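Per-chain numbering from 1; labels A, B, C, D, E and F assigned in written order.
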Amino acid sequence: MAYEDVQDEEGKFPLLRPMSELAGKGGFLAALHFAQSVNGGPGKLLANVTGVETPIITMLGCGVVGTGAAELAAAFGNEVRILDVNMNTMLAAKKTSPANITYMISNRSNLEKCLRESDVIINGILWAKDRKDHIVYREDLKLMKPGAMIVDVACDENGAIETCRDTTHDDPIYYVDGVMHYCVDNIPSAFSQTASVTLANATLPYLLQMADKGFKKAMEDNRLLRLGMTCYDGKLTLKETALKQNREWTDADELVKVW
Amino acid sequence: MAYEDVQDEEGKFPLLRPMSELAGKGGFLAALHFAQSVNGGPGKLLANVTGVETPIITMLGCGVVGTGAAELAAAFGNEVRILDVNMNTMLAAKKTSPANITYMISNRSNLEKCLRESDVIINGILWAKDRKDHIVYREDLKLMKPGAMIVDVACDENGAIETCRDTTHDDPIYYVDGVMHYCVDNIPSAFSQTASVTLANATLPYLLQMADKGFKKAMEDNRLLRLGMTCYDGKLTLKETALKQNREWTDADELVKVW
Amino acid sequence: MAYEDVQDEEGKFPLLRPMSELAGKGGFLAALHFAQSVNGGPGKLLANVTGVETPIITMLGCGVVGTGAAELAAAFGNEVRILDVNMNTMLAAKKTSPANITYMISNRSNLEKCLRESDVIINGILWAKDRKDHIVYREDLKLMKPGAMIVDVACDENGAIETCRDTTHDDPIYYVDGVMHYCVDNIPSAFSQTASVTLANATLPYLLQMADKGFKKAMEDNRLLRLGMTCYDGKLTLKETALKQNREWTDADELVKVW
Amino acid sequence: MAYEDVQDEEGKFPLLRPMSELAGKGGFLAALHFAQSVNGGPGKLLANVTGVETPIITMLGCGVVGTGAAELAAAFGNEVRILDVNMNTMLAAKKTSPANITYMISNRSNLEKCLRESDVIINGILWAKDRKDHIVYREDLKLMKPGAMIVDVACDENGAIETCRDTTHDDPIYYVDGVMHYCVDNIPSAFSQTASVTLANATLPYLLQMADKGFKKAMEDNRLLRLGMTCYDGKLTLKETALKQNREWTDADELVKVW
Amino acid sequence: MAYEDVQDEEGKFPLLRPMSELAGKGGFLAALHFAQSVNGGPGKLLANVTGVETPIITMLGCGVVGTGAAELAAAFGNEVRILDVNMNTMLAAKKTSPANITYMISNRSNLEKCLRESDVIINGILWAKDRKDHIVYREDLKLMKPGAMIVDVACDENGAIETCRDTTHDDPIYYVDGVMHYCVDNIPSAFSQTASVTLANATLPYLLQMADKGFKKAMEDNRLLRLGMTCYDGKLTLKETALKQNREWTDADELVKVW
Amino acid sequence: MAYEDVQDEEGKFPLLRPMSELAGKGGFLAALHFAQSVNGGPGKLLANVTGVETPIITMLGCGVVGTGAAELAAAFGNEVRILDVNMNTMLAAKKTSPANITYMISNRSNLEKCLRESDVIINGILWAKDRKDHIVYREDLKLMKPGAMIVDVACDENGAIETCRDTTHDDPIYYVDGVMHYCVDNIPSAFSQTASVTLANATLPYLLQMADKGFKKAMEDNRLLRLGMTCYDGKLTLKETALKQNREWTDADELVKVW
């Protein structure tokens, strides 16, 4: 079973959601840390401090990562901007968000404005591996203010931000054209305890189905759980792997009917 | 009796305060109105609207006018900035203010930043009549964005904003170098009912002292109320007027001792 | 293509929604303006002012218009009431609304109470053209307080409010039996810039589908977008118009199958 | 030592304050309880419930009792009104209060309005024993709605509310002209644990002064603590008691100089 | 017609919902009352009082009862915990909840922690009549603090809490092993007026369907309303009753087709 | 001039205040960082995360440091506790604080409770150099939970926390009996830019006095500014230094009279 493939009724991935939230929030914590001068940053406290210009934090994407990071950034009183192409997603998010979050449609004009004015850009947009374009190009780094930084939570190589490549907790940042990049690709591992609890919370109901009914019955009963089956009794059931490795595969739905 | 000269223990003017608050709030209402395209403005709703860049409203001064205007501007979700030279005033105001108000020290650099970025500048700073300098000079209007406007609640001729001169509710706005100016010098009169109630609330306790004790006894007992005495029994007691009109005057404190 | 006919998965009209929100919010701005004595109103600041009775603002309808107006009216600290017949709509709205909004079921008793006590009635309920009844009758205006006003955002002639008829930004108000009526039928045009941005945000994804795929393919692929087709290649596809004008029409779904 | 006579620098009574806060809050809890039909009330949940008219709770007095009760009443979403004669007290309170609290000047007109509309009147105003007038007269009870109730936290016989007389936790309510009165004169005793802790918190610093320095030295050093001395070494030092009982007394300040 | 069987599109019971909300909220009011020493409790004010340890209130279940009670408990500043097994329910609830509500997955470890630390446990979980297990066992009462109490809103005999049995408003509490239990099984009746209004609000649209169309047509048109039909023209249509009483029954859907 | 000795009218140090606020806030940022497993901590995200027990953060002291740290800790949804001996300070702070901050009187019983339950203890209490006692003793570390940590912002050697000794940004943490200690004695230097601005804001008005009037006149006019004079024209005027170094000194007040 691969729990990352299990879906819920809405086509979302309930077992990935908690990790995305922690990654987004951890992304803002990274910004808090690396904005300090002793850690290589411009020496700013990313908060609303009386008498001081309020920092601007921009999220690319209004998904779980972006809203997770925005929640914390706004809680400290920063001026937060979220860019997304989906008005409905933003309308829904705005209903429960504080006044210091601005939702802007994601287009080149708004992006450039945010690149020029922001202290931190946090990317939460996953990027299809075969896309050749980007949202932020290397050329765009020139628009950014001195000391501004990029946190890429999505961490796709050649992804939404052209200049991002995976880093690790041991060596988390690098600079391109003077702009700090933080691209740790497993941020939640920093919050091992919190992540374990929230992952267990999400996973347990599925485990209980398998424990209570036995694996086969659980697979039969729950179409959405079945989406996580990768192999059974020697038969590969995950199409994606089969295609990549050029191996035979058995459709899980068919398998369940006949076992 | 001139009630505008009565002071409280802290040296503030309790009978002017309600009018200042209404003037500041009315100043933001003027901005809401004149920012509409049908009223000569750029056609902006001064509020946080999903998908649209949030307007920026800057207050000059963190007094009753500035915080009154800021309270309403922030309530609509605008990005609000208050410029003042007094850190203690701003620290006190920030304790009860929402996250979308930024307090910045008033200096030339921050002023220019706000002039460039703001949709509305609201001035609440009274300016000594004999000062020759200004905070905002005519030259500075060039820094402002197309469609940006100035609301001067203080309305001092040659005051904090060089280009401001009194206007009236009948003819409230004019343009200088393409920048709309709203400088109605009696904003609270637009809220005649609200103003009457709040003014009566503030005035009544003083009237009651005079009604209960008689005028002379009230003057004797209350040093602060006495500050409002302008003349008595044919004797001018208001020094300011005496000096202006080159007339004799009697010190109120002395008068009270002997009457 | 008529974008006002495009629907989303829930049967709502995503391209009308932004205009409804602006209309509702603009309706409250109109109340703010015309409640001033210099503009013909009773001279009230529609806000929670210390020492002064808080104004009461009632919305007819808990849709996009009503909640949009309520959001701003509540932000200023007014006592806001929303009347609607749908408990689920109100339960959903209350989850994210501040404490100074009261949701009341819309019936004659509650309506009369609100008519008697409110400073402003804002109507956001669209009314079927063939209905002969009303929510508020001319007779009901007698219940209202001196100085109370009606803002009709829906602006249906012989609609929810019997005495409303369209007005314009040039001549926005009129009086019936001493009650001011504001019934501008295109409020959002006052916020031309904000409206343009938010309309573009909503429209662009649909335009992109047509630009990327070509018109015909886009029509074939997206059933909901197809609802906006009014004519193609000389054939009228909008049934409503055909019926009104007594002309032939072609069903869009059928057309798409065969072109 | 009588701790209720100790004052702080501002002339307030720091050892009485915690009890006043608990009394005010307990007053609202009494209203919550007795508004239930099973306890003799009209059967209302004193909270903002979707679809139901919001209850109105009025406080007489904006002191510790009134703001304590208002804090809880507003937290449940009721429409709260505070009547006071002091604008400065209300301006200060409003800075940190939610939007559903209205501050109104206390005069006959506003009082009558509140008597007519309120579900609960909570009195927190202490009344001088020798005053013959009242704020609320027996006659005024006729103005109140059926089912409306009075909670008198101050509990002065012939006090602010003419019809109030002390009751006990054992027999807490009575009716006058059909209006329920709750006038328990020691509300905080219901919260014995909370009261003990908060009273100890307030008292301890004074006890420590006496314990650390010895009684005499503490009296010498702290003028404000000395205000609580009632007798020493057989000498009565509390003037109020001496006058009442027609006994000799020794001025505490003088005593301290010579002992 | 049994209105408690009518469902909405999501399978929820719209005519039960208002009673559940009132029951949950009333459950917290019961805790407020019985936590007072004069009513048999430990003498605590269940609120955040300066200088005093904040009470802890735990809800079993994040449904309408649990969130209703939590809303009020959190409004008073208590530390509130909600235990539930469904992460999606808790994620949705958290979006609109204040910071002093903690959502924890319901498992034995978290339950024990809450039993040890809470001042009040409020149960809102309905329990299948045939379950033999419980969430809280009699043995668990030993974990609770002195003075801690249980409020069981669900009131299932041998239900989620082993030691709960129905009580009445006349005799609402009893003790098991020194722990106070409040298990009134019809809490909303205490709020007779509020309950009547909110129940009428929910019921009226269904009544109107039957009044407008006639009973038969209404049953035909509305599948969900039909779920409430118990008998018609002498025929029992409620399966549950038929099975219990071993009587014949007629399927309502079939009946409607042929009548 | 030593600006750290300049006082305001209330005896506070206006030029130290901004650094204390940054130190307190930076103290919480340190906790956020070192609570991560990759930085040596227990792997917790110090925030309110759905489904996970909320972390507990305790501040020793309700001054600028404690409230600064608490503001940020509470903004992330943690359960925050502030211990202080001064009820008035806590009453004032509570007026503007969110519901998830609890104020408890500082005594041994409450301290032990907090030591047992907290994830982070942040100390903001300065300790007189000659005191031999402590608030937290080495022995007390045994009470703390595994993974709990201490952040000492005050950083007094042998101060409020016995086991604290200064550390640096280069080597910020150490362990005593398994408990992590973070005691960087110049936290604000991490926020060099923010600190510079806020320090300049606070300092400038004093600099302007000296620049506008000349040093001597400024010293004569402003008694509070004069408190910062350390030497003039070869004469030492700072008593503290004179005593420490056993040198002669000149009283600044006397000097000003005669120069």
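One rule holds for everything that comes next: contacts are C-beta pairs under 8 Å (C-beta built on N, C-alpha and C of every residue); 3 or more make two chains touch, one makes a residue touch a chain.
If you're wondering where the values come from, they're calculated on a predicted model, not measured in any experiment.
Under the touch definition stated at the top, chain B and chain E share these contacting partners: A, C, D, F.
Least step count on the touch graph, chain C to chain F: 2.
Counting the residue numbers that touch the partner chain, chain A and chain C have less than half of them in common. Compared on C-beta pairs in contact, A-B and B-C come out with B-C as the pair having more. Chain A and chain F have CA centres that are 36 Å apart.
Touching of two or more other chains is recorded for residues 50-53, 77, 87, 96, 105, 197, 201-202 of chain F.
Pairs of chains in mutual contact: A-B, A-C, A-E, A-F, B-C, B-D, B-F, C-D, C-E, D-E, D-F, E-F. Against chain A, the residues of chain F that register as touching in their complex are 18, 21-22, 25-26, 29, 32-33, 36-39, 42-45, 47, 49-53, 72, 75-77, 147, 169, 189-198, 201-202.
On chain E, the positions that touch chain C within their shared complex are 8, 14, 96, 197, 200-202, 204-205. Contacts from chain E toward chain F in the complex involve residues 48, 50-54, 74, 77, 79, 87, 90-91, 94, 98-100, 102-105, 110, 113. Across the interface of their complex, chain F is touched by residues 85, 87-88, 95-96, 105 of chain B.
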